[in-house]
């Protein structure tokens, strides 16, 4: 179906179901229960899941397929956001021109940086992209303040021209009138489920982005990209020019990043310079590898995982902890809180750091590999040959041995 | 003219920190082939060795002074450090005053140990893994290390003063016969001297000891050295320890220059990689040269005369240099031809 | 009719004159071997032919066109394929994919942004690749990752990949280096078969005299960066200069 | 099962139809008729405390959090009541807010606009917070204030000092108790004139971002007005850690005062570097060289250690103030946490009380009612003397403290001493002052 193999159709189906039913899936606990802390089904976080999913899917097209480790992709995300907000400022709150410009600008910017950076490979490429990204961030934060509004972040003022904004259109990013921040809530017993326009808007892009990624993975072009990763020498002596292949991958992933940036701005019309910082680039690298580089679903999982941590774990404070362990005797309660305290709330970075290390050490194929291992334990059956997902994860773990 | 001289002097001092960090990074990359993103964290831990020693030396007995009040109006608890009790107030004060230089002695075993543990416990398993994995696992480690430090020391910078004897600055102007002032802080001069010493010691160690010879041979051609039946593993562990110690010592002495905080390692990380790449991956003299060079360039770029020509140049100078070098001379200033050139 | 004309090629590395005044003419549809002791400049010469190195002096003409200054992939697209000393294949890809890549390179050229079509949809290419694999007796291995094959298989795959491009000139760089005798013989048979079945010119750099004399129609002996003699295998065998410069040493090695 | 809408604009039509069709009156929740975002229903009300918990300002965030927790305790009738006893308004009874027990959620701003907004959004969308309080930088404050405006909740800013927060970026739903760069400059100028004379040549180092620029602009204007000359203004990259290359040329510039328009880690490092260079020991133009740090904080002073000695700066509040409110707050904070509160802790505590009080007086959590209650509100007893929340820009006007690094601190908490309490009249300005121009409060937004 859709020009896909059966397995891929299945995978796409899973992604579609997961994204469409995310408001239910991510809110498994009743709103007033103690575990509601772990619910992630509120619009902002769900939007982040899919937006960073898109970002990571795009990044994976570059890193997972060609093996070029870019430390500068956050710059394209930032460019996308700035472009989108500028469209809001100049034209109207309609997201269509904003997203179009975001993708185009990110594409142009990544073509420029890619053209220069791809003259080198390996760690040099990484450092070049890192240098470009840091430059962009430094400039955006201060020197380019007229364009980026620096520290505060680019936002929309009532004094902005908005030449095409009609009077009755929502004063929030919208798709022909459907505002991104509008939502409907369903109360069902103790549960509340929120369906937001913004989320579903992003979800559709995620599904499209995922579909496109499958097509690229399974195309001759995708195969060439994997060949670049495997053996550039052989590429050259097989009459293939690797530079346009890598550049195309770079630009495609840059456009994905631009789309993600544009969507971020569409969900929340403010673009901060921090989203261009190298640590933000590092974050997408971590997402991709955590989920499983070179696999289709991995980056999406990785993105969800990290964003979940950032947003849920950081909000657990001692007060909440005491709430959880309240049923225990006082001494033990305090001890439990003391043990967990360093890892949550302000210590969420620590947990994240430990997790990265554990995943990189024990699951080089990322969460996808972890899932497969689990699956194998349950099925006690050898993995099916021919699955790219399994292969990519497998290969990374072989390389690790 | 004197302004430029001053900035060059200043650049040398800044550069000495860059050079020391890059030197350790290059040692690890050159010998072990590992891209160590936790190197900045080692520098930070070094600086916290100073803090820790200062804390240990100021461990105090508390006595209650009824005549004074604390902020709540309760009698003030007066703290007297044990060292003052044991050695008398004057010697005690002097020991505390000299805690940063003393921390060098404290830091060497600590950093070596941390280096050994890191290499044996973690890095060893990553020799054959792709660079990306190395970057990730060491990046994860860097986060963990800095969070642990933050847990114990807090996020605020901790003042770690240099000994009183080094307070103030030295004026070079009379020496050079200039009539303006060319003042430079004593402690920064000490830092420069100290770095030069460490750099010289590392080079001497590699140049004149058998151990160093083997390591240099290993840097040039690891497989051959392995084939010679030399236990390269043990040497690599030691090299990692030494590299950690170099980074740590750079941090120990840096503590009085800028009050240490838990994320100072990350601040230096990107920069130190740029230095290594500019110098030439795997080239020790390159790392040192590039460290000083970038320090000087950065200092010069911070002058208003230059900033008025290119606004904001001081924000990006380091990266511009890195990009130009990588494109024009990919093996770096002193990298060997054919080594890591692609 | 010669397909490859090397004229007065010289190449210098710092103080070392790696090649000087090399003249070489490879006739179309012949098997031409280049031999010589270590350091004779064989690999340097080869690298000058495929665009990895640019000679300081002289010219290299392929089929009447100069290859100098062209990138390796351009030269390959002109019709020169190269087999490496250690097999260079796409280790992470399956055998089938390894075969498809040169097929696509032949059809689509150096770059094609066909991210929307599907690999499985390239029926003609797949047929071609499968036929090639069948010829090489590797069809049953088509789903294996290439890296997991034996060395002999990797070599055969690499040769197959080169042939899939229907090159006019096949360059082989010590194709049997480090191989067991049986594998070497297999490779010789394979090359003989290729020579017989195709309109192809083969230039081979080899250390192993057994291989050279089994295959070559003409041999050029290179010593210290310059051609010593060029002749038929029989004449080379007995040539005193060659014996002196080369064979004495290499018979032990072989 | 019922569909109910929490939507403001552009509600999905189908949702509305389904809601109308399926809704049964008995299941409809009361808050949906209250007409504003997150109207508290049950017996509790949730406040959102959004402070930096990671990154360079983590320590400051921690102190804000302490104060906020203390405020919640006091609002719920726990502890000694702190400033509630000294507050001029007696609306708060210690029984929560409008009888609802106060609960709170916390989040990490990371001192990044994006992260701060994400955290605030999760508090609003997930936890149902009616008010967001806290933060430690102006970029974050402006970003979160903008978010609260569009989401329809109240934003009570924490530490934010840039003029823009209540200047060009002012918002109807946002309130700032903290002082600003203009007020710092206005308070500092006379003190500086007294201390250092009116013929001084000042060299400015300025953090190269929005806050730095407004701070520099303000202080330069104020000092020039009293006769000082600005020799040079050098912008320093935010990412700088070593300021030596910016400080080294100061001595040769002919300047005799160095103004460090830096905050946080930048300020700790630049001040430490300046002292290292021995600037304070020099004599230039026959005068002793001096350093000025327009915005001080206790934590920065602690980070800079002995280097702050003799350096003048300004603060919003300090625990050493002797008014009843300050004493009460310092006592209850100190007894709970074993340390005196910082001025960012104070501002967050006061903001929480002010919000609660405004709700009590308005009798409603509706943001528009709260805005009305706070606008033009005069109060006292929360430190800094009589204070006005100005209606025009939602900026508090009160006395500003001029501080000086203590020469002989007796303990680790009194490294700064109060030089002068500059009266409110001296730091006031017109709402349309050029440094604050271009802003528009807009209308209060109650959200849903």
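Letters A, B, C and D mark the chains in the order given here, with residues in each chain numbered from 1 onward.
To be clear about the criterion, a residue touches a chain if its C-beta (ideal position, glycine included) is under 8 Å from a C-beta of that chain, and two chains touch if they have at least 3 such contacts.
Predicted model, so just to flag it, every value in this text is computed and none were measured.
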Taking each chain's C-alpha mean as its centre, the one farthest from chain D: C
Distance-to-centre winner among chains (Cα means, whole assembly as reference): A
Maximum inter-chain contact count - chain pair: A-D
Approximate Å spacing (C-alpha centroids) for the pair chain A, chain B: 34
Geometric centre distance via CA averages, chain C-chain B, whole Å: 51
Chain A and chain D: spacing of chain centres that average the CA atoms, whole Å: 33
In chain A, residues with contacts to at least two other chains: 138, 142-143, 349
In chain D, residues with contacts to at least two other chains: 54, 58, 62, 208, 235, 237, 239
Sites on chain C at which at least two other chains make contact: none
Chain-chain contacts as defined at top: A-B, A-C, A-D, B-D
List of chain A residues in touch with chain C within their complex: 3, 5, 215-216, 218-224, 226-227, 229-231, 233-242, 244-245, 248, 252, 385-386, 391, 395
Complex contact set, residues of chain B against chain D: 2-3, 6-7, 9-11, 13-14, 17, 68, 70-72, 76, 150, 154-159, 161, 167-169, 180-181, 183-185, 187-188, 256-259, 261, 263-264, 267-268, 298-299, 302-304, 307, 312, 314-315
Residues on chain D engaged by chain A in the complex (per definition of touch): 1-12, 15, 19, 27, 29, 53-54, 58, 61-62, 65, 69, 104-108, 112-115, 117-119, 121-122, 125-126, 137-139, 142-143, 146-147, 150-151, 164, 168-169, 208-211, 235, 237-239, 438, 440, 442
Partner chain B, residues of chain A touching it in the complex: 63, 67, 69, 116, 119-124, 126-128, 130-132, 134-135, 138-139, 142-143, 278-279, 282, 285-286, 289, 293, 342, 347, 349-350, 352-357, 360-361, 364, 399-401
Of chain B, residues touching chain A in the complex: 35, 122, 125, 128-133, 135-137, 139-144, 147-148, 151, 266, 270, 273-274, 277, 281, 311-312, 315-316, 318-320, 322-323, 326-327, 330, 340, 342
